[in-house]
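Worksheet: one structure, shown below.
The first chain written gets the first letter, and so on, giving A, B, C, D, E and F; residue counts start at 1 in each chain.
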Amino acid sequence: MPRYGSMFGPDVTFLGVDRCALDEPESYADADVVVLGAPFDGGVSHRPGARFGPQAIRTTDYNPHDGSRPSLALRVDPLRDLRVMDAGDVETFAGDIDGSLKAIENAVATIATSGAVPVILGGDHTIALPDVTGVAQHHGFGRVAVLHFDAHADTGDVEFGHLHGHGQPMRRLIESGAVRGDRFIQIGLRGYWPGPETLDWMADQYMRSYEMGEIVARGLDTVLAEASRLALDDCDAVFLSVDVDVVDPGMAPGTGTPEPGGLTSRQLLDAVRRLSLELPIAGLEVVEVSPPYDHAEVTAFLGNRIVLEALSGMAARRRGAAWDPTRPLLDGRGTRPPR
Amino acid sequence: MPRYGSMFGPDVTFLGVDRCALDEPESYADADVVVLGAPFDGGVSHRPGARFGPQAIRTTDYNPHDGSRPSLALRVDPLRDLRVMDAGDVETFAGDIDGSLKAIENAVATIATSGAVPVILGGDHTIALPDVTGVAQHHGFGRVAVLHFDAHADTGDVEFGHLHGHGQPMRRLIESGAVRGDRFIQIGLRGYWPGPETLDWMADQYMRSYEMGEIVARGLDTVLAEASRLALDDCDAVFLSVDVDVVDPGMAPGTGTPEPGGLTSRQLLDAVRRLSLELPIAGLEVVEVSPPYDHAEVTAFLGNRIVLEALSGMAARRRGAAWDPTRPLLDGRGTRPPR
Amino acid sequence: MPRYGSMFGPDVTFLGVDRCALDEPESYADADVVVLGAPFDGGVSHRPGARFGPQAIRTTDYNPHDGSRPSLALRVDPLRDLRVMDAGDVETFAGDIDGSLKAIENAVATIATSGAVPVILGGDHTIALPDVTGVAQHHGFGRVAVLHFDAHADTGDVEFGHLHGHGQPMRRLIESGAVRGDRFIQIGLRGYWPGPETLDWMADQYMRSYEMGEIVARGLDTVLAEASRLALDDCDAVFLSVDVDVVDPGMAPGTGTPEPGGLTSRQLLDAVRRLSLELPIAGLEVVEVSPPYDHAEVTAFLGNRIVLEALSGMAARRRGAAWDPTRPLLDGRGTRPPR
Amino acid sequence: MPRYGSMFGPDVTFLGVDRCALDEPESYADADVVVLGAPFDGGVSHRPGARFGPQAIRTTDYNPHDGSRPSLALRVDPLRDLRVMDAGDVETFAGDIDGSLKAIENAVATIATSGAVPVILGGDHTIALPDVTGVAQHHGFGRVAVLHFDAHADTGDVEFGHLHGHGQPMRRLIESGAVRGDRFIQIGLRGYWPGPETLDWMADQYMRSYEMGEIVARGLDTVLAEASRLALDDCDAVFLSVDVDVVDPGMAPGTGTPEPGGLTSRQLLDAVRRLSLELPIAGLEVVEVSPPYDHAEVTAFLGNRIVLEALSGMAARRRGAAWDPTRPLLDGRGTRPPR
Amino acid sequence: MPRYGSMFGPDVTFLGVDRCALDEPESYADADVVVLGAPFDGGVSHRPGARFGPQAIRTTDYNPHDGSRPSLALRVDPLRDLRVMDAGDVETFAGDIDGSLKAIENAVATIATSGAVPVILGGDHTIALPDVTGVAQHHGFGRVAVLHFDAHADTGDVEFGHLHGHGQPMRRLIESGAVRGDRFIQIGLRGYWPGPETLDWMADQYMRSYEMGEIVARGLDTVLAEASRLALDDCDAVFLSVDVDVVDPGMAPGTGTPEPGGLTSRQLLDAVRRLSLELPIAGLEVVEVSPPYDHAEVTAFLGNRIVLEALSGMAARRRGAAWDPTRPLLDGRGTRPPR
Amino acid sequence: MPRYGSMFGPDVTFLGVDRCALDEPESYADADVVVLGAPFDGGVSHRPGARFGPQAIRTTDYNPHDGSRPSLALRVDPLRDLRVMDAGDVETFAGDIDGSLKAIENAVATIATSGAVPVILGGDHTIALPDVTGVAQHHGFGRVAVLHFDAHADTGDVEFGHLHGHGQPMRRLIESGAVRGDRFIQIGLRGYWPGPETLDWMADQYMRSYEMGEIVARGLDTVLAEASRLALDDCDAVFLSVDVDVVDPGMAPGTGTPEPGGLTSRQLLDAVRRLSLELPIAGLEVVEVSPPYDHAEVTAFLGNRIVLEALSGMAARRRGAAWDPTRPLLDGRGTRPPR
């Protein structure tokens, strides 16, 4: 079956889901979700390695690679309740950022146009530009809000003499009109970049950026509720962009530009679950998982679980039942009569 | 002195406590606690390595191995206030799960019958079956509740064609009657295993399983209080089973089946302290510490501290004084007159 | 330009700030802050390696080494708003603790006397003795309070037959009168050291030590507020001593005597920010970063950010504006008119 | 297609060769070689982890996983000149050594009986028993010589109370008659095991064991020539058993029982090439690659290359051309006329 | 002083030699050697990370960074006997291979034209194209032979749809005429790439490639002598291109495309010493040192020593004295009279 | 039993041999060899960590810790044929080099005076001064030759303002007269230290230093034969000082000052075996094993095997039988009649 292969390793699919080929539309005609690898790390300013992210996110699990994952928390099986397929990796070349981004955008747009939700496995965050643009081509420029988990704003202008790179995609997306600045919501920013000029530009766009200090002071739940309301105000859907470095590097070391003081893994997984359950997700990307810097695969596991939490939330949302996190896992009323 | 030796390294004891030999009852006649290594990892479904757990848990500390550990928080010295001895490692063989489990059960039962509290250092979680059974043989089947910290329910039925393995001991314990299903309490579950059929079986047993979502929503303190009440309802004592993977793998990477989104180390240590202080502990196991996947011994340190916190709680409970965590470490009234 | 060089690596400065030479007073006459490396680890009781701490803390960042770091949270650029210089590493020799401590004390006192705030990069915690003493020589014995973040009290008496070592500096500081015992405030203690005799001595000095149990029970914010009040009661300034092992080793593995159950990185960074913003800082040390035990530089990054947070707080304090952590990063009123 | 899956990871084949299913004989009817994973490490006496060997050996390469590997040295493409297929992993369970060995033996015998050469990827060396027995079932007991590269003799009798384990298979093979003791040739032994009693038993069997001292003194080439002559004296074929620990652990750290002072990787690859070129190979196993102890995949790469060198030698042998290692790679007479 | 800075870390020079700025010709007017960093890894086909090579090669040493290194073997001090300067890193961007290669070529040509020998620290092997071209611009196309140590031929044509990448520079150099094919000498090739078509192209160019099998069979000394004769036959000088992966990955793990079965570090250092001593070196590059995959800096140390050995050979060559490797280090006739 | 304990870990003995206490002469009255730990690394100029060397060398093995190790090559059991005991670790303190060296010297002299051969496990190479001096006190100053395996000459004069450190002990030993300069033989030197002045001093002492270039050119066997002859010319015995960094850091990364281009592990083990077999050994030290920089314990294993090879050689020497390395391990004449 002709399809994208896997660039950096054997040709496998996300946890064993079925394959599809983007140039064979019938192969994913009934898909709810299409997973796509974007093993591009030619845009990083510091540590590379995210090219191995798609392979790691697809395969890092201790359960069988059988295309089934029953969620304990939500009581759905996202890989079965949804029709999830994997289209392989877009062929990219680190040394050619322009060509690579174009190839990714085409692939994402193809998926979005088919009606499936693209789930893109990065790669570095440069790919947010083609990922979100590809989705916006289908939903309409300005109609998709972005919820962006990251330690960094990624709104730089020109770096290393180039317009593209993993520190700049968010600016490009707003400049092109793919996303409205006032529906671009950032969660988890911290540290010492960017400088005032860029922050002024961001303010000019009416971006809403939650720095970690604000998150700690107001509580993540409050922030998420506020962000959710904003995202759906005159937008039709949400693109969820998760840079794994939003988590503290002490818990997620396998990434390229680690910034101490982030969320815990628990916080991120809860947030992704809640947002996917409550909002209409038009696309998801998980980026900046860099296996060369990982230890014992902990960051790769986290990347895999971010995807599963999002898919589980989407499956639960489709099922329509309300979710009460205080509900016990077991209700004590099983299939046999009580003793 | 004839005794179990140490299977995977030199023959040492937990932080330098005295040795005993299980086949010489007089050697541990006055023991309050007997430490036992169970270096068995033949039951793991994924990453092995927990066979090196007993050695790591026994020896990983920066303080002298002198059989003394004054607890700052509780102001007891668990290794001196209690008579703690170490019986060495049960000889097990990864390739023979049945024989290994039988040997462990015999050793644990021997300790329990002597009146001492067995503290078993795993090893993978398969050993919960002989550990708890050995204790139940002394206290009576159905008389000991289990408080089980884990990312996983470990209630699988048959896996790899076998009844035993690290994903199944809890089912076997309930099936045999060693533990009542409705006094089997699990804390920290999460992720994508087991599936609905197994969950139904668990519900049929009236197990009480706290998934992380519930823990986050209701608070760990609330959960612990509820669990404590349940555990002592018509049971005489509690077996504490601590799978180190209940902690987030970002903080405790040295384990075999890491599931992101767990407790912090601080939360687990506080929970173990509190439960050991408030409840009658009949046995303790610390399992799934897998040194090959550890970094800088952080998970081994955690394993060692779990044991010390439990022993400290037990020592403080025996002393009888109430514990107020808001009390300052120093009361400002030392042995010399104030200036 | 004659100056201290860098002992363990090339001669570089903290993130590219300007150099100065301590024997050329004019070279740092206008400095607000002088960074000093103290690559001494001859005092550790367990794992060495902190000698590589100064180099790691100075250079671990993904941003350019350009002497500028705009703080997102506080909207200051600590390396530009303050005049920060780097004097290089004091030449020390692990095998000669007495000579090394004397050299460090002289260097710190030289900086303090010049009116600049010394920021000392350790090295093991033995250097607290010369660091604080050097500062006290300028401000007056007993006039500087110490806020001490650490898993360990470091108040041992004689160890390995010596008065000096990384477990003893706090006792020596109180004995000499450099610091009043009742203005010595410790945050983050835990574990199984020291024993009752030392704790009695500490109580006799009216030290205030917040064990992690108290911090969890009362909340870190409450503790910090209480500590701040106490520190400024009849003292003129505060020395901030940050042992990176106050953070949980699961998040900060690169240290010598890891004690599970610590703060998160987020908590520590927030605490350092707040204290530096609210209190007059007379000196800062960041110690016990041990690169040989680090992974993917996560602990080195943390060490670097501790320094930056402290400097940012100092810069914001000088600016005088109040700080409201709930304030959004961007106020939505940029430089262009709203759409 | 029904087939063995891959136990510890996604279902992939050796460098992308075609799949086959052992229970569908037509699927490998034309195979020259069938690769089989035996992810069993329940027999190790020390460090486990070889269960991840099959996955690592299959996939560790920087070239595309395209089922083609042109050998520079021999100018063959072993994956194309031979019909190489991959049957997946035999399902084994570490805790059940007897059942696992039986399953492996059946699979190997099935392959051998089909006329293909089985290439078994371990797993620990326990599998030599089923691997060689399975081959001998086809070729006749006593008709296949074993060339055994290893630091260890693996001729122990009973260990941990069991007849099977990774230190005993060679004794079992001779006892059963599967292999004649005087056609059992060991290369690379060293260190401090086994003791005199076992060595006497080995001498009684007329085994020929080349300790490293002899290899250094006489030269590896001389030893290989002598071993080759002996192997084919009244035997029809050769089973090549390669324990990766025959290489010095300084160059191949990813293994379970490392013994310093071994061959270089270059020596081993040259030896495997030569033997596969000169001798009729009836089976090959590559064992004791333990990824948890590897660094930067260097041992996994070596395992992959051992297989490729053997297959290349077999392909070149079939082609029939003599091999002259002094021949230049390029002969200077390409397809265009000289300048 | 305006100069290239250091892209990935603080601005330092090779072991502390003096700085120069390429746009200030007077700053290196008297230089014999100019070191240049080329931190480009946008051309790698597999593992990236070589961007951190220049920093690692410059700084990895346990001796002081004082611009002096007395060679024990050759009794020269290459950093003092030669005037060695460091121009910093060429600014490159992984995502723009064409622009990066142009910038490197310009910098190398500038150095070569000044009369100094460029020593380029990679970076991946893509840079061989601009490195050798820059040198050939000064010495004349076809006048400089290349001695190329590598596991790989790097003579691919188009890969990932591009003419440039780390597997293709040697073809481009021959195509452009910068180097004569029959004066392109490769040492250390092995493994399973490239295929017959490329080998035919190489043969057509009359390249001379020593595969490891030939090197083992004939001896490295014989090969080096033959290569040296060929290199100087109608060429004026030699460019030495050292890909660190020519060494066995078991000894030099920190690289991107490891191929087992290589030289030992000792062999490579001896070869570099000898060639630099015997041949007129017009340029040197050390490439493919990838710190993320290194352990304990062993590959970085090797990269540093390759540079030092080459410089030492060049210094000894200039001194003119013959070198006898059998000569004792000490001649027993020191500065004091014998006892 | 009062004895030195183990400073950095539990109190264990070398592979389980019996304990003795230096202050109880009767406890080691019949010892042939006494093992002594010297966990001092306060003298290193670069990476510390060798303080964990004694523990690592004592315990790193996959065989049982049972006080028996039958040598395959020499057919002796050094731990049984010799009476080997372990006295524990001398208590040292990194911060006090003078006191530490004195304590070590006293302990070594005590052992030597008892008639046993001291085997000292370092620690850094600073301890050569007390180790050799302690032995010379018993055998007479100038009567013991030193055979010194090392990458470094360790003949520096004053460093860091001190006479002692790991780069200076050999000078101190010659200055004091403990060892004659012309009976001080160094094997394996290489790299870029020390400089000409120190080399002149060494020549003045008539030291004989074999740089790696000479060893490669003349062959290690030739060098060892020459060294052996020289060592016994008017000396009574030999002290064997083995710095593990004589081996290439690519094979033995766990050390503090790695210098590429060293011996292989095989070469070192063969050399130690041969020298211990042929020469009267008065003392042995194995130093500079630094576990924090090791991987998968490969350097620790090597350290353990260096000790075992030396003891095996000593045991074989005592037995008196000639050793022929070309002799087969098995002679084919076992205990049963041939078939």
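Operating definition for what follows: a contact is a pair of C-beta atoms (placed from the backbone, for glycine too) under 8 Å apart; a residue touches a chain by one contact, two chains touch by 3 or more.
Predicted model, so just to flag it, every value in this text is computed and none were measured.
Q: Which chains are shared contacts of subunit D and subunit F?
A: Intersection of subunit D and subunit F contact lists gives B, E.
Q: By label order, what chains touch subunit D and subunit E together?
A: Correct list: A, F.
Q: Which listed pair, A-E, C-E or D-E, shares over half of the residue-numbered contact pairs seen at D-F?
A: The D-F interface is reproduced by D-E.
Q: From the C-alpha centre of subunit A to that of subunit F, how far is it in Å?
A: 56
Q: What's the distance between the Cα centroids of subunit C and subunit F, rounded to whole Å?
A: From the centre of subunit C to the centre of subunit F is 41 Å.
Q: What is the distance in Å between the mean C-alpha positions of subunit B and subunit F?
A: Here subunit B and subunit F have centroids separated by 43 Å.
Q: Where in subunit A do residues touch at least two different other chains?
A: In subunit A, 46-47, 248, 250-251, 264, 293, 295 touch at least two other chains.
Q: Taking all chains into account, which pairs touch?
A: Listed by label, chains in contact pair as A-B, A-C, A-D, A-E, B-C, B-D, B-F, C-E, C-F, D-E, D-F, E-F.
Q: Subunit D touches which residues of subunit A in the complex?
A: 5-6, 9-13, 16, 58-59, 64-65
Q: What part of subunit A is in contact with subunit C in the complex they form?
A: 45-47, 182, 189-196, 199-214, 216-218, 248-251, 253-254, 256-262, 264, 293-295
Q: Along subunit A, where are the residues that touch subunit B in the complex?
A: The contact residues of subunit A facing subunit B are 62-63, 68-73, 75, 77, 247-248, 250-252, 264-266, 269-270, 273, 295-299, 301-302, 305, 308, 325-336, 338-339.
Q: Please output the residues of subunit D touching subunit B within their complex, sorted ascending.
A: Interface residues on subunit D, with respect to subunit B: 8, 41-44, 46-49, 51-52, 91-97, 99-100, 126, 160-162, 164-165, 292-293.
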